[in-house]
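Read through the structures below before going on.
Below are two complexes that have chain A in common, paired first with chain B and then with chain C.
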Partner chain A sequence: MVEPAYTVTSDSETTGEEKSSTFPEIAIGIDIGTSQCSVAVWNGSQVELLKNTRNQKIMKSYVTFKDNIPSGGVSSQLSHEDEMLSGATIFNMKRLIGRVDTDPVVHACKNLPFLVQTLDIGVRPFIAALVNNMWRSTTPEEVLAIFLVELRAMAEAQLKRRIRNVVLTVPVSFSRFQLTRIERACAMAGLHVLRLMPEPTAVALLYGQQQQQTSHENMGSGTEKIALIFSMGAGYCDVAVTATAGGVSQIKALAGSTIGGEDLLQNMMHHLLPNSENLFKNHGVKEIKQMGLLRVATQDAIRQLSSQTIVQVDVDLGDGLKICKAVNREEFEEVNRKVFEKCESLIIQCLQDAKVEVEEVNDVIIVGGCSYIPRVKNLVTNVCKGKELYKGMNPLEAAVCGAAVEGAIASGVNDPFGNLDLLTIQATPLAIGIRADGNKFVPVIPRDTTMPARKELVFTTTHDNQTEALILVYEGEGEKAEENHLLGYFKIMGIPAAPKGVPEINVCMDIDAANVLRVLAGVVMPGSRQPAIPVMEVRMPTVDDGHGWCAEALNRTYGATLDLVTLQKKA
Partner chain B sequence: MSVVVSGCSLLFWSQTCQVHGHLNFNNPMPRWRQNLAVIRCCNRGTWEIPMTQNNYYDLLGVSVDSNAHEIKEAYRKLQKKYHPDIFGQKGHEYTLMLNKAYEVLMTEDLRRKYDESIGPMRLRFGGNNTQALGYSIWKGPVKPQALFVDENACIGCRECVHHASHTFTMDETQGSARVKVQYGDNDQSIEVSVESCPVNCIHWVETEELPVLEFLIQPQPKDGYGVFGGGWERPANVFTAAKSFNKQLKRKSTIRHDQSPGGTFEESPAQAEAQARADMKIKMEGFLKIWNWVKETLGMNINKNLQ
Partner chain C sequence: MCKRLVFHLNTNPNRAQSQKHSYGGTHTFSPFSLSLFIYETQSSSKSKASNNNDVSYHNMFTAHFPTFTATLSGKRVSSPPRQVRFRLTVSFAIATCTEEQRHKTASYLGPHHGMASCAMLYEILGIRAAASGMEIKAAYRWLARMCHPDVAPMERKESSASEFMKIHVAYCTLLDPEKRASSDRSLFRRHQRPLTTTSSGGSS
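Showing the complex of A and B:
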């Protein structure tokens, strides 16, 4: 499937007007969350959050396709919140981007007012918005691009210069395929991605800057500080453990999952109206309205439960369907017990991966919209043995501020006061490897490897006189190959005929600091130092559509004829 | 004379094509590497040399008995200078090595194994050994001028060894000549030896420049990644590399000088001699540190100031 070339334009864009400037073009930082977004930039001495025409620093992430003219939450204002749930508005695009229709996250989005349909065969889901009583199809990339165009227009109007380079925050659990979709959406909006930063890494950079400033003020030598960073928004939960000293933040471990406020909301809605899936299946105008009303009421209830222990839910969905129920905090926490347990396990896993004891943690940082939920605060505090939470950051602004700082650093800005004398040494959030040893996932670059990274493994043939090998590159943590994301493939041809186990097939993977992955493969015969055939170098990902289906088709077509096994070291 | 040189170039060129015609690397190989590859193929003995890695301690600029805190500090300082976010894409290779060195030295069992494996090499490049392999020694007093063989240009004709066998020696591994004893023969034999060189690869250099030149001309082991890379490398133009090297040394010296208190005192001859030995030792220990920077710079065929 070849995607058509897109040109997304906006009335605010002034073509031809380009002011020459002697200053370097500083990249801006953008944090598009599942439900909210913000933009920040380094203004020469500090990070500044940009505001829209209604003086808002934090805006809602949605695009409304009313009257055939799409408009995003940056510049337009909904007359009331119900309008966002009328079917004409697409939101949660960050949750939908880069996913196939077998994904449970996609299925959960079927309960939203806009249309999500799936065939459950590993292709992209069908997404549509209700415009003038007609369902009009779109894609998450297009929705995101429209939104980015408005963000860009807002930033250009405020900074009075052309904006081209951006640093975006992304969830830790995003696969490389999803990262390419984000980059594509940015390209459609006329933006060049300088860096894609995992959200806790952006927070770590901001933390590093704060430690640097504190160190300067105290004339300290800058001892090492270990920080645990927990970030939970509407769509994703991310954890990182970092070591910071002298302005350098080392990411020791990362962990992430697709759980967030949206899951809490859906579970609560199901609790209030157990039969909601069946009731809303038709996606008619009446059902959409009912769905929206229930969603708004549940959202309000959850927000109030952050400050009070019991809340009354009263909503009339029409057709004699009424909900009149008192919900207390314990009830909310019990309904979402699995979500909170998953969050806790992420923190524990991250600390273990970093080989850091809880007692060694100096600062515990909680950011993201869900950081206001008492249960979330409690579970983080409990894992960290009651340690007090770090108070130096605004939970909703930390990630975008870190992205803006990274934008300044990556743009080559030099600050005379040393405020940008910073560096984040990133780590890979997921393992990358190939399929070998009979459908097993063999990691070449393990999880939490410091970037840039380059590692290699040696494999060999499984059949006598095997002259070809299929290299299937996966990303993830599952033990079987198909449990992970297929990034790409290529075939090594021309292996000299030899008994099985004799040829040495080197697979080398290289990730640079911009997170570009290259896979190299070469064949060496024992006793020789020269490659037997030309070395192959492939930039990944190469699979860009329906990768679930691709993996199954490859397996069905080739079976085990081109398989490899790991070569055992001859000690 | 020119015909001979041209013949050698043709020989290198044709052999290079034969040997590497089927490699499909994106970036063309630097010219010096092609020459070295040819030499490597002509001398089978090269393959007996183990593929040793860079010394991680020297790479990080720490001593072999430094603790975790010191290693972390050095790692962070170097990352702040050479990380691709700051230094650009050129910093990619260097940072890879830095990450690997840090990973090994910060893991207890990996470090123990590494210390065992570099035992012999430490004797060559560190410690108090002033008779390190490859460095020429002096017969009689030190003079302002010294002899140096540019081994990149040497064709191994053995003329210099024939005329001044106490001064020059053949490196059978590399197939090139080098100086073993400065002024080992009488002036007349040395003069004839220099004149007899068909490719003019023997140079009179300032004595103070000699240690840097002799260090840089030695092939340094290059870390390999399976079929990618490996082997040995040295700068194509050793004199240009020496300039960059000295510039870096001077900068470090300036920093050190600014930090030290002012004022000089008169030295006794014994003190001067001890000072000279200490300076030589410090230089040699610092060479490998700067060597990696020189490799990075020359690898791009760019000679520019780091700042």
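Showing the complex of A and C:
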């Protein structure tokens, strides 16, 4: 068997590391969506999308393990759509990466032709591809790395130079743990991540550049423009509200959720064949084929419903199982009502977080593959009081173009015409805090805090003579600690013995411009300005795998013995 | 705060007077504002690539401070004094940064303290006390393009993060009408009441 073209490298490589080089090596932008991907680069005067050997700018995100040699959707061409659903091909890797087996998103992937198994104990799921009648295991990181190797080879062939630095787009709802998995996959593919950009932030950067160019042409004064950016692809839905003027884009709020075209598809499949979960549970060769046929037929139906109001679904799954049904657009929208309602609530939440009224929005931008769905357009337009949609962007290319612009800026490229005189002031998508006040999640850095950021809170002991404290760092929006992602943990030891509530335990969180999070904790006794013990500084995340399992084990082992409470501020 | 006053008295008696005046009035210019203007003029002559932005900002400044411009052009004809002012600006920035570093260290080790006095919020952004929301935003963007870690020059990369955080806190405080009113009341009473960063940082 031929060895893969990637190597396992150290995890110690970090985002944003500056490397000295004689000439600037321009970073490329990569947008790996759940179902489609693209690569772009700043070519000296504008963004250029790269093409593969079949002249395609947009390629499918999958890796097939057929013929024992894994190959991705960049270079290989499946003979027909059915082959992607034969069990030998793994897709939806962006949806699976960095998730534990208790995640509903992972469970939804069990309906896919390749094998996904869960033990439901908070560890990573088991994933395998069917190769020569044998299930061969792999991981989402490995699949993504194989794919990235092909992307890099394509880019190097086209640009005729070595490619090492990249800017990747990521969903807003990605946790820091998931970001580390993306970075690891890039490292396995020999790529160094300069920046991981939330997808709507990349679109905001492109919008800022366009406004800058328009301002140049009109000799405008650079008035502030508020943009609402809605991005919905196959796997994720993201929203951002930005304020842009004079080349500076300020992210005022971000919101994201794991809903997308894949959910619409699964809901429709279930609607057409209500008992499909049980039918496909065994994952036999026959069931896999049936699954694939149903998936292709449903996909076709959804696509046609974007341009017509009714569509006929005719598919023979074998074994006397036939689907012959007319589906109209209202039916599709009703089956997916909860998905669309979630999208709408994300927009409303984002506007509220940004403290922006709908009337203040100047431009409404919709991007992503689902932006072609009439119901999606309607719901965005309705929330924005019928405002006309922005027409200056290609919905499938906006994010990767923004990533390419960021790649040029981060690489230190100077443009004589000022096209790269841009700055994006980013914000944290999720709150970061610790467990305190009896299993509550206490945010130290709230959501939508401008980066870089540094904030601290003061906590205190819960027991008399408590000399140790367990700091559990979480990321998310849930009120209880366990509802969020565990990033890491450490123990403060040597707290001076004192009645409960007396020691002051400072917890400081620092996020630098490269989005690296450090947690510092120190103990100060009242009246003293010197720390009682050496300050601890821990870079997060520290949990490498099985963070669901880890959180549960910590709770079971320590319970409330090392808990902290928020110190009430005295007026 | 006391040290800074001494700093001004030693280097420039005229600015000390201007400093005092800025506390009591609503239509005067803070020393930082003066320094910022000089700096901007210098930078525009050096980097022609970004001339358009500088011209745009320069026009805004000129439009809003006609008296100031007249004063400047009337009294500062020769170029050597301008250069002296430029160097003074750099010193001021370094002093501010040093103070910020010291303050951050202190605030971390001890009980939670406020970050900056209210008068400094206007100085940090280089705006007058009666600046409008649009002026606050414009000043914030201008400073972001100079101080944000993503665009700061390499030699200032390490300190740029804390500089930008300070600018951002000043921006959030002054842009929020309630926080600004509270800050102005403290300024009016001539009390140096500290402000916390916890509440203001989240909203932008």
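Just so it is clear, the second predicted complex is superposed on the first by the 549 of 571 C-alpha atoms of A that agree within 3 Å, B and C clash if a C-alpha of one lies under 4 Å from a C-alpha of the other, contacts with A are read in each partner's own complex, and residues count from 1 in each chain.
Everything that follows uses one rule, which is that contacts are C-beta pairs under 8 Å (C-beta built on N, C-alpha and C of every residue); 3 or more make two chains touch, one makes a residue touch a chain.
Predicted model only: the values in this text are computed from it and were never measured.
Asker: When the two structures are superposed on chain A, do chain B and chain C clash or fit side by side?
Answerer: Superposition result for chain B and chain C: clash.
Asker: Is A:537 contacted by the first partner chain B, the second partner chain C, both or neither?
Answerer: Once the two structures are laid over each other on A, A:537 reaches chain B alone.
Asker: Touch test for A:427: chain B only (first), chain C only (second), both, or neither?
Answerer: second
Asker: Give one of first, second, both or neither to describe whether A:342 is in contact with chain B, with chain C, with both, or with none.
Answerer: neither
Asker: So, A:414: does it touch chain B (first), chain C (second), both, or neither?
Answerer: second
Asker: Does chain B (first) or chain C (second) touch A:512, or do both, or does neither?
Answerer: both
Asker: Per the contact definition in the header, classify A:224: touching chain B only (first), chain C only (second), both, or neither.
Answerer: both
Asker: For A:270, is the partner it touches chain B (first), chain C (second), both, or none of the two (neither)?
Answerer: The answer is neither, since A:270 touches no partner chain.
Asker: Of the two partners chain B and chain C, which one touches more residues belonging to chain A?
Answerer: Partner with more touched residues of chain A: C.
Asker: Please indicate which partner A:161 is in contact with in the superposed arrangement: first for chain B, second for chain C, both, or neither.
Answerer: So A:161 meets neither chain B nor chain C here.
Asker: Can you give me the overlap between the chain B contact set and the chain C contact set on chain A?
Answerer: Of chain A, residues 224, 245-248, 250, 409-410, 421, 423-425, 450, 452-454, 456, 458, 506, 508, 512-513, 520, 522, 524, 529-531, 535 contact chain B in one complex and chain C in the other.
Asker: Which residues of chain C touch chain A in the complex?
Answerer: Residue positions touching the partner: 49-50, 52-53, 56-57, 59-60, 104, 106-112, 134, 137-138, 141-142, 144-145, 148-151, 160-162, 164-165, 168, 197-198, 201-204.
Asker: Note which residues of chain B are touching chain A in the complex, please.
Answerer: Its residues touching chain A are 19, 22-26, 47, 72-73, 76-77, 79-80, 83-86, 89, 91-92, 95-96, 99, 102-103, 225-228, 230.
Asker: Going by the contact rule set out above, which residues of chain A touch chain B in the complex?
Answerer: 224, 245-248, 250, 406, 409-410, 421, 423-425, 450, 452-454, 456, 458, 506, 508, 512-514, 520, 522-524, 529-531, 533-537
Asker: Considering only the defined contacts, which chain A positions touch chain C in the complex?
Answerer: Interface residues on the chain A side: 216, 221-222, 224, 243, 245-248, 250, 252, 355, 409-410, 414, 416, 418, 421, 423-425, 427, 446-450, 452-458, 504, 506, 508, 512-513, 520, 522, 524, 526, 529-531, 535, 569.
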